[in-house]
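In the two complexes that follow, chain A is the common piece, with chain B as its partner first and chain C second.
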Partner chain A sequence: MVSNLAVAILNGIVWGLIMALIALGLNMIFGLLHIINMAHGALYMLGAVVAWYVIELTGNFWIGLMVAPLCVGFIGLIIERGLIRTIEDKPIITIICTFGLMLAVQQLVLMIFGGSPRRISPPIAYRFPLFELQYPAMRIMIALISIAMMIGLWIFLRKTKYGLWMRAVVQDREMAVALGIPVTKVYMWTFVLGSALAAFSGVLAAPIVSVEFMMGREVLIMAFIIVIVGGMGNLEGSVIAAIMISLIQGVGALFVPPSIATVFALAFMIIVLLFRPQGLFGE
Partner chain B sequence: METKKTKKKVEGILKKEISRRDFIKTTALGAAGLSLSSWAPVPFTYGAQPPIKIGMLNEYTVFATEYGYWLGKVGRTAIAKINAEGGIAGRKLELHEYDTKANPAWSASMCRKMILEDKVDLIMGSIHSGVHLACFPLIKQYKIPLFSGGSMTYEFTGKDSLSLHGGYYIRNHSHARSQAVAAWKFGFNNLGKKWTFLNADYAWGHSLAREFGSRVRAAGGKTQDIFAPPATQDFIPFLQKVDPDTEVLFTAFLGSAGLGVLRQTVEVGLHKRLQRFTVICTTEGIGQEVVGKESIGAYYIEYHPRHLDQLPKELHPYEIAYRKACGVDKEGKEVGNPKVTIAGSHMYSMWIYPYMIKLGIEQSGWKDSKKNMDLIKAICSLKLKAGPWCPVGDLVMREEDHQGFNDFYISRVEPDLKLKILEIIPKEKAMYEPETDLRKIV
Partner chain C sequence: MFIQKGKSFGFILIFILILLLLTALPFFVDLFYQTFLTELFVWILFAISFDLIFGYTGLLSFGQALFFGLGGYTVTILIRKFGLNTELSLFLSIIIPILFAWFVGFFSVKLTGIHFVIITIIFAIIGNIIGDTWTSFTGGADGLTFSPPPFRLGLFQIDLTDIKGNYYFVLAIVAISFLFLRRMIQSPLGKIFISIRENEERARLIGYNVQRYKLIAFIIAGGLSGLAGGLYSLTLKYASAGYLHWSVSGHAVVYTIVGGMGTLVGPAIGVGIVMSLEHYLINFLQATDLVVGIALVFMVLVAPKGLVGLIQSIFKKGETSA
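Entry: the complex of A and B
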């Protein structure tokens, strides 16, 4: 039992960190632009699909990990300039538009990429013994990359001029404009960064899950739950919420049927929203 | 331009009196000619009679698209072939095709549209049990035969058949019960007596666990059931719960989850201490190279082998022709697109149905929906022999429950990632006592 609990806790933290990275881009876009980006899952999927093509061409996972976020970031740029900017400050319209965008991207990928799942081989095949089981080192590596990305993002937001601008725009958009901060540019690059983060997490998750046109759907729901529980716009909150939800599911599954453990995680979200509608760490 | 000579000739003919003898002689010759002409081979002519309208529903978007793609392609090819060969009873087959979006409510509205607007005579397709279930009230109300593309819920041809669909449902392929009846013994005798089922938490996964599990337990074996959400991505919390003394891990998930469970079983090292057993549904339309080396050693239940050379030799000529018509190579890849793998154990249903309909119409004298039940009875009493229209070998339809049976295959993934057939299970060993008798329907 102790060994099972230890594996469940380790896997809960690792999976939580992967989910946190997926939710990070979504939270950034919401926190700054107040856009509920329903296409985030599609961008996550697009990252994995682009990486699959790059890896097919080059045979190198790491090139895929670098190229896919750049490509999807560029697509994010087109989306922001062509779609989001024209409808900003209209929350309902943005939800509908990004939802439509998600469907369009999914069907486009279905047409080009096909409906069958494809595989991206893990760059690290090593597994280490963990009690009666083995544990894939790849997952630990993904978790470490997630941590590094989050630290990098934190430094970017706290220690750079651009990060300062972003935080200023979040606090008071009019004042930021008055102080000469290029708000439209900040918006654009935030959306690009959020899109690239979605793609980055898609590539990292691809060796564990499979690459397919619908892979963003399940992730999107979980990412929204994490963002809501952690507090909308609160990046640290997302990380903690992701790990908590993942632990509830993983550890809970040891004692009750796994489907019930998922219900526990959703019940946790409801309880948080009842007592703290702004999320655990939201202001 | 009319010349003087021709004008004279025409006038001569018009003025010529016809005697009674001439009249009888000419008429007799004409009648003989007409009679003979009906015996002569004539090209198939459209428009003389109204077409037979076939509705086709498949999963083209959203979910199970790897199935929908192939079921649609094979169904279209078969119908085109029937038309090229002269149609059925001189009538062209006209296809009306719709996407189910893997959504039962949407599919029911498409079914209604096909019946009421397109006025289809018959409907075929879909592997989605929920889609069929949603269409049942409509086919029952309008008395339209529905031919299952690949639904695995055995109850549809079980004891509640009459109340479910009124006998208007026909299935020429396997399902959870026939799979269990056919294959459980192989697993029990060769792989182990202690089984854990890690299946998708919906009807299909539960059905397989129940059908296989009950037989394993009845034979003195031990079983454990674990159910996970159908779209699970991280299987470690579920694999952790597998009993340490498990000898056989039976898994049933579709699409990427099907891949995920096989791969993650290896990632946590479980494959070293147990045997993996599954139905081919889990990796239909997905190449074994996509599943990867992690699938080596896994056992599959196939209903029609993926690789041509794994098929009994006597079926090769039919299979080669069938694959050529559908654009499939000998390794089960799409010709010109080797990244796409066939849904070989499912798509044959759509190849055989148009032929079954042809035989059924010819035998029953069906002309329109008034004789639909006669048509169904004719189709469900067919005993098809292996041939160009039945590349899966002999296929027996059972009148009592409208269920078809053909041979099963047990295969194992070899180091070259090929599904090698270890055992052929004849259809007779997949048969079980029918739970209903639809022959009583008038």
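Entry: the complex of A and C
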């Protein structure tokens, strides 16, 4: 029992950190562009699929982890410049547009990649003993990479010029324009960064889950939950909410069926939406 | 405004002509296309009910799948497990979704914009998970099959296991629902819905209880979505938890955007075009949703008012140049 609990807690934290990265991308885009990106889950899936091809070609997981976010970030660039830019002031229309994009990307992957799930084997096969069970060291590695990524993101937002601009645009767009900040460029790079983050987490998740064209659908919903519970536009809130919810789901699944745990999480989210639309950790 | 009182006569004429055409059609096309058209009518009902809530009232609800699925399950379970007759089952496939729409809407209409979209998705997901998990009652993802007894209304009787009979049955109900919705939108109630879409703040200042009217629109749309679900399972003799998936609501979004939101005629045309497109593309392409997705993005960018809006603007240009 103790070992099961330990595994559940570790899994919850690892998965929570991956979800945090996904939710961070979604939340950055929302906080800045006020867009709900329905295609975010599809970009996450695309990251894993691109990585699968790269790994097939090179046989190296780490190259996949580098290349996939770059490719998907570039696709994000095209999406932002080509589509979102023209409709950015109509939030409901952007939801529909990105929903169409989600369908198109999923089906394109279905056509090229096929419908059957595939696996990416973890580059680190070592398992360390955990009480009477064994735990794959790769998952710890994934957690560490996620944490490093978040620290990098934090430094980027706090210490660089672009980070300063992004925070300025979130606070007051008009004033940012008046001060000469290239707002449209900031929008673009935020979307690119958000897309690349989704792809990065897709590659990180690939050794744990299987790679298939629908893998982004449920993740998108979980990311929504996290962003809302943590507070829209509140990045720290997203990280806390991601780990909290994953832990509750992971540990809860030991005691009740996982679907019931999800229903409770969703009901909880409705309550948050109704009574604290600014999120649990908002002011 | 697409629907005007002066155009009423022309509309009724065209409506009757189309109805006559569709009545004659089963004598010229085979059983496969009769089933195809019956399904098409059902989706028209689903699309126009979505148009009421999105196109007219301005609320993007991804939760319509919940009511569609509830309608489908009401018919299936009542006939299969409780041996109820078809008339009452179909009637309850409106009433039960209405009660759920009341409950869901009560919470949802308190929120606006993106929050409204998300809370409706959540309700649909909860429905889908329950449908998937409670297999003893719903059959889960495999679903439940049933065989409907004949539909009786007084002396009138129709056999729904007969494809042609089912075709006329669905056609009649969808046509009546279409007229009902059109009449409602022309009524003062419909004008209030439109005023909420155009400017919620102003509608409130005039003195309308905006939340109450949003709830009314949500309940009516929910009831009609339920009816569509009921008819769908009567046509397929089957219901599954897949009906409840929030992406089913996405169908309605696609049809409405492609055809033209806030027009009723538009979503109906949208269903016809998208479904025919899918039907022909399936021969070359296994992933038909690819084209649907691209069409959706394209329409949103190029013609946000849909095909009906596009045609209207062409006619208007013609009028001014002539």
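In this section, the second predicted complex is superposed on the first by the 275 of 283 C-alpha atoms of A that agree within 3 Å, B and C clash if a C-alpha of one lies under 4 Å from a C-alpha of the other, contacts with A are read in each partner's own complex, and residues count from 1 in each chain.
Note that a contact is a pair of C-beta atoms (placed from the backbone, for glycine too) under 8 Å apart; a residue touches a chain by one contact, two chains touch by 3 or more.
As the structure is a prediction and not an experimental result, all values here were calculated from the model.
Asker: Between chain B (first) and chain C (second), which, if any, makes contact with A:I260: first, second, both or neither?
Answerer: Only chain C is touched by A:I260; chain B is not.
Asker: Using the superposition on chain A described above, determine whether A:I270 touches chain B (first), chain C (second), both, or neither.
Answerer: second
Asker: Going by the contact rule set out at the top, does A:A104 touch chain B (first), chain C (second), both, or neither?
Answerer: second
Asker: Contact-wise, after the overlay, does A:E212 reach chain B, chain C, both or neither (first, second, both, neither)?
Answerer: first
Asker: Answer with first, second, both or neither: which of chain B and chain C does A:V203 touch in the superposed model?
Answerer: Once the two structures are laid over each other on A, A:V203 reaches no partner at all.
Asker: Based on the superposed arrangement, let me know which partner A:C71 touches: chain B (first), chain C (second), both, or neither?
Answerer: neither
Asker: Of the partners chain B and chain C, which touch A:I93 in the superposed model: first, second, both, neither?
Answerer: In the superposition, A:I93 touches chain C alone.
Asker: Tell me the contact category for A:V169 with respect to chain B and chain C: first, second, both or neither.
Answerer: The answer is neither, since A:V169 touches no partner chain.
Asker: Could you look at A:A241 and tell me whether it touches chain B, chain C, both or neither (first, second, both, neither)?
Answerer: In the superposition, A:A241 touches no partner, neither chain B nor chain C.
Asker: Which chain A residues contact chain B in one complex and chain C in the other?
Answerer: Comparing the two interfaces on chain A, one with chain B and one with chain C, the shared residues are 107, 110, 217, 257, 259, 262.
Asker: Residues of chain A touching chain B in their complex?
Answerer: 4, 7-8, 11, 15, 107, 110, 114-119, 121, 127, 129, 132-136, 205, 208-210, 212-215, 217-219, 249-250, 253-254, 257-259, 261-262
Asker: Can you check the complex and tell me which residues of chain B touch chain A?
Answerer: 61-63, 65-66, 68-69, 201, 226-229, 231, 233-234, 236-241, 244, 255-256, 259-260, 264, 267-270, 285-287, 290-292, 339-341
Asker: Considering only the defined contacts, which chain C positions touch chain A in the complex?
Answerer: So the residues of chain C touching chain A come out as 60, 107, 110-111, 113-115, 117-119, 121-123, 125-126, 129-130, 132-133, 247, 250, 253-254, 257, 285-290, 292-297, 300-301, 304.
Asker: Taking the complex as given, what residues does chain A use to touch chain C?
Answerer: That would be residues 36, 83, 86-87, 91-93, 95-97, 99-108, 110-111, 217, 221, 224, 228, 257, 259-260, 262-263, 266-267, 269-270, 273-274, 277 of chain A.
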